[in-house]
């Protein structure tokens, strides 16, 4: 199993969630984060002073999927989250050694 | 004439208010005659003496300031500003998404600023100066431009308060009315377009209506429609204009697909509370003195608001199973809107009827009419102020007491007058507002921010600010930059 | 007796308020008589003339509206509503956890709504109409039901303000008092149960107490206990009833195990500030005019609150090493509660003593008594309003000035009267409240929400709303659903 | 001179306020004389009669309470407290970082507490009692210590309001002024040091200045500088003292490197709104009655604030490309500060000039002067209140109307007097403040919290509290701990 | 070493923390997230309109433990976080290649 | 590639970000979390009652870097985040199997 972790622009959440559902991803976990990368931050003003906020709001969407689902999952994110603009985000894929469903104690792919 | 005026003035101070738009000098006279009759019971000598004592006052030839009336009107003026800042700002600010809250607060602030200045320079004179009318029955004149012709000691005619205080009281109405509209096109209008819109609107819609209804113009004097504290002038005018603006500007990105819940209902409830409290100044102050009319207006205002809260909650429980907090806040405002034109003309039980009706009418407008017609009136300005205003203006006729009916006008006739005034204000407001907005669209290119700016939020796009910064992070660039800040400086 | 009263009257106009419940029209008349007497110093001719001139006023036989008094009572009424909305709503709203803040705001809103309507329909008449009493000394009568028998021009007897204004001022008291109780059973009561409780409580506890203390009933007239602005009627009654309700409802899930800190202390501080400001209307307005009593009440109110803030901070530093912000906010309210019954009866230095005592008494109640007895009074309504009310009612006797002591009553005797009234109000409030709640429990099945709903938070469970939505997400389902929303619609 | 004064008096009652410090009982007497004079126009018989009737009033020989004036001053006092709580608390609280918001709220609360008590005990007497001066022209006397010598019926000389009400009105000024300074050294001062500072400052800076300007002291009576509502006494004094304190305390950790944006601009805007509304009590109430001066003051106050908002927005658009919400809030306060000394002396158009000037002066101070000089005035108290106060005091001379110019003083001469008073207040405030702070530093070891406590935030360090707890988590340790809480208990 | 990541219902935090402490887990890191899965969301009302919020508040509790502690840790979470109701959550186990304590620079299991 | 995850004290963020930029880390993702470990929590007061808040605010800084950059990255964090005080935090290093740039679809180290 793999953890597919997509860092996306916040307003893409609904599109990504729908795309993932279409390819059969049953559950996701979403975290609000701040991201720093190639995308420039924005300027804010404070009584005539100016400062740059370069940590931009992003969302991390995490989905644990079976190995054969990884590609479809990645494609679904690419399709739904890309505007072809700097800052569209990244996908990280990490191997997972086990998944357990708390409710039932089921393990492995059954737990997804 | 002068004699009767004086007698009237000295005898009592209350006449000032109830029907301030329609109070005719004839009526004035009839009242004082009555009091004169009483005096006639005395002997001749005493009559002479009374004359003698009345002399000093008559010599002065003018009514005197009543400190109690003045105190109440000063207080009311402060309360009405509180309705806008912070009341309405909070009410609207809580209802929008967190990325747009500052843009809404700014719209309220800038109304206080721009209208505040325009009112002194031009607005007050055009609405309320009575020397001669510019356009028959539609506008006052330019004799009080900059208020230069008025001194601190001058009293507003027909009242016992300084004209300056009257001008401020009316000025606070002029500030809140354009700001009310901001809710309809919230979360998408450019800042410059807003400023242009409310400034023009003030002079072309608000000022004429205020004159027509309260400044001696034709709605009150010729048509004879009643509007004690602003159902037509404030709520209908802003509600219908706001509807036009919302439609002209188009829907928000994602409207009716994405939920756009209030980002902070506590702010909204606080705002509703302040509106409620401030409304006592709005309606009670419209008596222009601390008199029995003010008392009646206060009582009906409170009662209608309370009834609307209960009525709305009941409807919600029947309709959706739950009474909501936003419902209660909305209901309070709806009740307050509806009682505004009627507040000194109906009985306490009449106020209950009007409040209950308001909850029904506005709930229907907001939950049935809006989705049916499909316009995006972001915060339901039309549903609450427009439709609530219509209901209130109509209900003023429906529930008016015998005593409040103008001399010689029947109940049915008064209702007809109210209906006519409703029609006129609706058409006038929409027509002029559409005109202003189309002109501004040509002038500015667009009334709306760019789509990307809308998604990023107006706070950052228009004002380069963030409402909430719980974890500061970033880099100082410099104090007092000489140039415009980078990125997106064009949207304002 | 009448003579000494008269002397008192002319010396100053402060009497208006002290014994406001007992002011009779006889007394009113005695005033004008007295003025006649003064004229008798003049020659016979002048005396006749004076008679002649006095005639109209005397013939009318009734006092006239004083615009200054009316202005102040209108203002005070607005200030007292501000205490509930948004004052108390914010104060309580900030203190609960974020998942319950709306439920508390709703409780304040709905009190303004339900009590607002009930007061007009029934409450005012039962508490304050004076034609004939229903139950000797305990209730007024039904002569002013719906306020139909009262007109805008009618003045409240014994005052120079319209009865409508008096009715509103008293109505605002009736609104805040039940809402005060909400703090004790916050975060667990069902909405319907709350509505049922406060409505019944208004009519069965508040209205009788208001009549007994201010409406001419026995606590003031027979017992002779003093309560200028509501220490017994408002604070003790709500505090003791709230304690009963908190105990009957049981503790919150996790109480004394999980910390339940305020979700937003800034809201609470803002609320405390508004309560403080509004309290000037509450206490100062209880003079029913802009007179020297109002001035004294204003001054003692401010002074007691200020002293309590300092006193509490001092106790905290000695006790825990830190002065807390919540402590300061709580202290302000405690000081205000305690001075309420005494505010026009004590000197500035007396107010300092009362404020200092309030900080001690309430700090003790909140930090020692509550954990000792183990009840879950969520926001310390009993500790602050109940115990603060007891202290205030007692302190009214302890620190009363010579001048304020009723004729012929000794200092010790007055203290005894105060103690008796405290005992009566405590027992009465608890007994009737327990009765109401037990009846409601039978009627509704349960007064509390389900345990799961409590954990999820009352905002979602009862009102299907979320206080804060910083990052909106979700799916629109439809406008104006015909059916109740899915999941958990039963808890309200 | 006396004659012209009298004419002025009868034409209107506005005089009450303009020269409120200098109103003498002689002047009072001249008023009743004048009334007698008018009666002399009548025949002999009537004259006798008039005498007879006038007798009672003259026999009493003292002015009577005016309920309208009293109502307005009571209202104004409440409004001025609202400026501090919750107004200023919110304004400042929103501007600091989330970890320090409670410390700022506490500073406002504790000013209401400590100054509230000190004012009754000592402050009022030293500033306003007029029996005999302690230090010639600089201080009042001790005759009203604890207000014991004043009764509820006593009127403030030269007014028609109870002295208690006057004392409260002035007391609210005394509460807000030290609290204003808190913005300059926000986010770093120890709580004990703050308490010591404001208490000493009240007695050594505020009270003498209040006496010199309003209590009959030399700035008004000898120098002849005008300050209607506190440009010198309130704003310049606090602004310059705050600058001194900010410099003495040193900069915040990370200043000019880390951005320190407001943690909640909505709170700040709400606070600005309340300040604006409350300011009508501040300036309008300074007329000490509901008279034409109050009306003028209200109008100029509103107008200057509105103009400043527009002016500041314009400057911002030209300078940075965007109008900001914080700019609008700051501008409103700047305009209000600047009009304060001038509010009853200038025309509506004068108010526009003063408001426009304020936006320029304060914008310059905040964006150019501060970075240039490099001091860390956290929330720009000096920039807004100090520099705004200077501009206002100067502008009072520049824009004063003919009518308002004191008898026999030329326009240029008045400007010179204003300049002198500005210089005096600046030097006096800074000198005494520095003295107090140095003394406190010796006494307490340090005025600042430890660096680690500053980084952790003052809320936790000083008050063991957290402003916002959205997701409660932790473990109850025990009720009413006998010992100081663990960790960091020393910083307060 | 393994990273044990438990997605739980927010009000279970105290119980989970205690259970983990009992089995010797020394430190945890907690993140507020929103979760989407089998558990239905709730309905909210907005002026008569109705919408479903299907991202529910959850907490992620992360604990890095030595390999032999993994089972005990998982059991502790199962014990303390389960109500046998839908939405009780999931546990993900991921291999970790290194742990460093910032204060001392210690590495590996010593750093836990 | 590896995911380097540093749990740090919040006010160290600027320093860490600068240090990472110096060693060539191009992007980071920052999450606000609460941490529990050896560091004692603080006491809060509530109307005379006392409670301990032992979940302390921390930030997680995540950077995905190529294998050869891991050491430099860890050193940069150690340098910039350490005060040698309890609670300075931890660094976890996890193997990552893939990285994809959403904007372009690039994969592997090119996507960093």
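By written order: A, B, C, D, E and F. Residues from 1 in each chain.
Please note the rule applied: a residue touches a chain if its C-beta (ideal position, glycine included) is under 8 Å from a C-beta of that chain, and two chains touch if they have at least 3 such contacts.
Remember, it's a predicted structure, so these values are computed and weren't measured experimentally.
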Proportion of interface numbers common to chain B and chain C (over half same, under half different): different
Over-half contact-pair match to C-E, picked out of the listed pairs A-D, C-F or A-B: A-B
Centroid distance [mean C-alpha coordinates] between chain C and chain A, Å: 54
Chain C and chain D, separation of their C-alpha mean positions in angstrom: 31
Intercentroid distance (Cα basis), chain E paired with chain B, Å: 54
Chain F: positions in contact with at least two other chains: 14, 31-32, 34, 44-45, 48-51, 53, 55, 94-95
Chain D, residues touching no fewer than two other chains: 49, 66-69, 71-72, 75, 258-262, 264, 290, 319-320, 322, 324, 326, 367, 371, 463-466, 468, 471, 473-476, 479-481, 485
Contact footprint of chain F on chain E as seen in their complex: 3, 17, 26-31, 64, 94-105, 111
Contact set on chain C toward chain D in their complex: 11-14, 38, 42-43, 46, 49-50, 66-69, 71-72, 75, 79, 97-98, 256-266, 269-270, 272-274, 276-277, 280-281, 284, 289-296, 298-299, 302-303, 305-310, 313, 317, 319-326, 328-329, 331-332, 347-349, 352, 367-368, 370-371, 468
Chain D residues within the chain C interface of the complex: 49, 52-53, 55-56, 65-72, 74-75, 77-78, 81-82, 84-87, 89-90, 93, 101-102, 105-106, 109-110, 112-117, 120-121, 146-148, 152-153, 161-162, 164-165, 167-168, 171, 191, 264, 267, 290, 459, 462-476, 479-485, 489, 492
Contact footprint of chain F on chain D as seen in their complex: 258, 455, 460, 463-466, 473-481, 485-488
Chain E to chain C touching residues, read off their complex: 11, 14, 34, 40-45, 48-55
